[in-house]
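Across the two complexes that follow, chain A remains constant while its partner is chain B and subsequently chain C.
Moving on to the complex of A and B:
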């Protein structure tokens, strides 16, 4: 039984070709020291992040529906040994670009240090545990169903390929947030308690997040121990609330946290809910422009003050 | 000894075991995620998919209390966990890659220190293995010398038959006891043929050559190349049937609390962070190197075994697609 329609990813062949040509050009001309992109690995249909430093490696770059990673994580303080200085190239989907814009706003990156290869994108897989999966309305990442940046802008190079119009996809996050908002606080709490109970504290969500660049995470501190470290209700709940709050107004929705969770915790729901609050309270969306201070770092008289009672 | 059991009788067996007060742990789908979990009814067992985490947690849980403390007046009252309270367990539907890891773990948990938490659970558990009839291209049990029909670690081993039911072979006294205690559920013969086993995906790696290279290449630029993309999470170690590092912490308040043991991973920066502030594995390639060294050299040096059974879980869950089978194969050709 398969009611799910296949999605058109035919542009990815041309996108791959264009990325290779451009990456080879900027590397051989010495414009960049490296290009962060994707290459295939052993498993059928697989793609993994690579740092191409020469034309041979650049010729292996690809773009497919398995190119799920937000490569912005490799430009953060957490990965100092990759961006050692000078200009670096990076392959970015529209959603990944929002994270780079956020990082620029937080003074973590300078635009002039980056050579952005933007990817016209029809969507990527929600999970790459089986990378040979066909991209369909069922296997597409939920974030892609609500995507407004299939065609990124403001890059140094974008393959001249037009993204085919995608069918109207059901917004899974908005539907799920609406469902949770309709619950009573007790029911909602019980839902999240059940979700957090699944956490095994592998911190894959933290490690792939471009905005989790603290050199020492609060949750790793033990002098004093700020948050219980074991995968039990108190520490798990504390970690996921710390994470959601720390990302509020910053998370640009790449949903990498959710994709990599080996226990299938719907982490991006928390991030989307925070984004919704920011939109409602401050008419703010992260990742759209380089801003030194977002609404949670600044005060304006028109800010909602109804919480002061 | 070889017997047969029908699908229906296997369910009856599980029901009777549950009724007798035994903890029956088997693959079960918990809100979409397959895991080895205690069953409350036989119908919950779901053998279709390889559970996301391995069977090691039946002996070595994600987290457990090892003692509790309470301040009483000027004294502190300590209470140990009593391992005698660990339940008799039957672990059912264990894939060969998971069952084979258990004797490997026995070596480290009964080495210089006898880990009573692990060993007592191990003593009280009967392992019912299940021949593997489905694989994907992350699977590489054959690479490390195992196969979809490896019986290593199983007390009783089931091979699925066409049209349902299983061939049952016993490999230990525990397995024989399980069959003889419920002998009315087993029959001597069947005309059904075994289902085809899972496709073998890889050639056997030359693990001697791998070790020989590791012996001499603690310092090698290869490590930088393979681990440059590693983001330093613990997903690979936590889903692994053989990784067994743990942390011990005290949690609670001033008046009372618990000392707890929970899974740890060498991929974490914090894993080797010293109290002095120094970190001997300061960069991710050094941490990833430890993962490979521990599995294919150190464990072999110490226990003459390989700390990997080729289940492929780390490959499936790695956020950045690091493929340990490719790495071991590459090293074997160096």
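Moving on to the complex of A and C:
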């Protein structure tokens, strides 16, 4: 870890304190029935998602560089764990907030049902780091290197701390996309074939993704069977293409899929490439505002039509 | 177990020339599930259909595949035959081995193999077809007619005479449209007012017609049989119920020098006005832009002199919602002007004719007003510039029309006839005058039309010059017309007192905006598009909306009236049943799997997807899912392609069927 600069995470103490106070207040005043946040876990420095339903539990909420999870997923698939009825508070980093905005546009959430506690964030740890590791330019998650929302906006509460200016970090995704784009289609295909061949079809990427909220995934259907269910090359490829296509124009880049992948498939790389296409074709970035229709389900006369030969 | 019957058609030699139909029948007979297969020379003929019906009964068939032409051609024929034989018609599918196979291939062996594949795929598909029942939707037996010209009036009267309520909406203060402006009409020269105004009165008095004048369509929702239309009644500033139409307000109004659009701005009107004396309704409107009260808060004379107290300066625009089952669009036309057009417009002006800046160069409609007994000159043909009678008059045809370089390539259809009429009217009124006509060619098909045109030359002394005019310019009080006579091959120059331009017919301004509200299609000129140029000329592609008159394309009065009556007949056909039957090939939502992301709703071009609440027995909301309204769904399948969890499927085209078809290959 030498030659790598440490990153300033000093604000996290103040953030933690502010989250606790605010969570206790809204819970005790009955504004919300639960607050989804992070609490310390058993291993030193580690954090895990918790659902605080009273002031005592709220006092245990934390925010550290180990708070990697995107909690938005607890409002969709995992929502069954949450007590129904009433508003729910949720601790969100800027990247997680984009997912919530996307979910609102897809009728999965209503803004008025949520109490958003925004977190000013300098960055979190990469997926392979030990939780107690110091946050440095080497240990930071790749997504944080290209983050443009260190300071979330539009929340009900944001701790009044200023994110210290982070040094210019190397954009790993944009560099990798540029590298792959420079390859021939055949070379690129062989790269992805190799990546997909590693897949063991555990579907962790699906389970952690806030946008994979279907009650029954089409990959689990057998009448007709759209995607081969065993981890063989054809089914793997089909699954990863379906996943990438279904996320096009929706994924805001929380990179949870990539974090949880036990086989280290660069899933967010595909997502970022789709996002880049959307930006180039439709000047569209997901997660910035609640839209009734995104570019992929609307038609405008000025849309790029160069692909129609 | 399915017992599928496959019937291979030779289509005379259309199919059998390239495809070995006997071999197809033999091989498909061995396909799992096929109980019977045969071939026949003409399956669609009476003996062919009899063969099919007999086989269904004798072989106890459960499904049928007819391998023949395109389903567009004969699907209905065979489904009907299957129904007669006692099977559900939707258990019959067609395999297209003509357009998709025999017509496009030459190699007999390869074409035969492909035909077997095509039929095999359809066998797999039909196996999974569901029994479907025709969808019925209720019909609101009231009709909306948009536009109160002759087309709208005719359609409204025909529908109302049949006993159905009609809502007639007109943008102007009076109905009558362009026909009310005309002087006399070809080919019989009867007075337009004389034949038009009685019809206008009929509309006003008809118990089944509800008239909204000075009103516009704001919003159209719903679908065939069940439209909800929001109409904006613009503030008239005169209470229609109180006004007796005595006209005192108009005589007393101090603002009298406002150009009257009905008189092509030659005649003048007051600020409170009816566009013409025979207006229906005979209720004035205050032109708020020109009224002294509305401009400065002073005056109010009309209110003071109005006996019944009908003048109401406080009146506001009002929105009214009407439920109707059918809509007739009859918004008519507008005339092309030779004025300079805005930059970037596809349609250009006529700089060579002075861009409309020479006062005695007028268009055909202005000439109609000059020739009309009720017009601003009392029927005398006088120059707008100095009120003198023109002794030499030049008519120029095809101004704008058939001029690709000006942006319009179509023929406006009525100009040849009305110019011939104009020369006659001129000759009747100015006995010592001479009329010249520059024309490309005379297009006069129609009953008594060519005779009429010949008459203008042979009896009414009009001089027709075949050729176009290159330039017009003012010289003293004359207009010099420079043109060519291509029959003789010489340049012609005429010093005219007046020039009348037969300008092109264009759709009404705002035709495109209305089309977008209605969800109907229009061409590049904004004329509304019919569903089929030959076989469905009065229907729009959008079900329940019909076209009448010049909004669809240039038309004369007889044609417009015929089309209006045809549109009315279509509306009455629709209203002849209490419920509407339609093909049940619509999308259905598998509610158990739907997560309510409404991607389907976002992409549905027909507005067929609605939100539906699922509640448990206690009435608690379980979830909100998508619901496809079968009355609106057009069966396009976009929702099916969009649904991320594949929870919406089109009957007859389910994923299971598509996959089965692919696997049959």
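Criterion: the second predicted complex is superposed on the first by the 301 of 309 C-alpha atoms of A that agree within 3 Å, B and C clash if a C-alpha of one lies under 4 Å from a C-alpha of the other, contacts with A are read in each partner's own complex, and residues count from 1 in each chain.
One rule holds in what follows: a contact is a pair of C-beta atoms (placed from the backbone, for glycine too) under 8 Å apart; a residue touches a chain by one contact, two chains touch by 3 or more.
Just so you know, these numbers come straight off a predicted model, no measurement behind them.
Superposition note: with chain A as the common reference, chain B and chain C can be accommodated side by side.
Contacts of A:214 after superposition: chain C is touched, whereas chain B is not reached. After overlaying the two complexes on the shared chain, residue contacts for A:224 are found with chain C alone; chain B is out of touch.
In the superposition on chain A, contact of A:29 is made with neither chain B nor chain C.
In the superposed model, A:283 lies in contact with neither chain B nor chain C. Looking at the shared chain after the overlay, A:246 reaches chain C, while chain B stays out of its contact range. In the superposition on chain A, contact is made by A:293 with chain C only, not with chain B. Of the two partner chains placed by superposition, only chain C is touched by A:106; chain B is not. Judged by the number of chain A residues each one touches, B leads among chain B and chain C. Taking all C-alpha atoms of chain B against all those of chain C in the superposed arrangement, the shortest distance found is 7 Å. Chain contact summary for the complex, chain A toward chain C: residues 106-108, 213-218, 221, 223-224, 226, 246, 292-293, 297-298. Residues of chain B that touch chain A in their complex: 30-33, 52-53, 62-63, 136-138, 228-229, 231-235, 237-239, 247, 249, 251, 260, 262-263, 265, 268-270, 283, 315-317, 319-323, 325-326. Those residues of chain C whose C-beta lies close enough to touch chain A in the complex are 592-599, 602-603, 624, 642, 644-647, 655-656, 659-660. Put simply, chain A touches chain B in their complex at residues 41-44, 46-51, 69, 73-74, 78-79, 81-82, 128-132, 194, 198, 200-204, 206-208, 220, 222, 225, 228-232, 234-235, 256, 259-260, 262-264.
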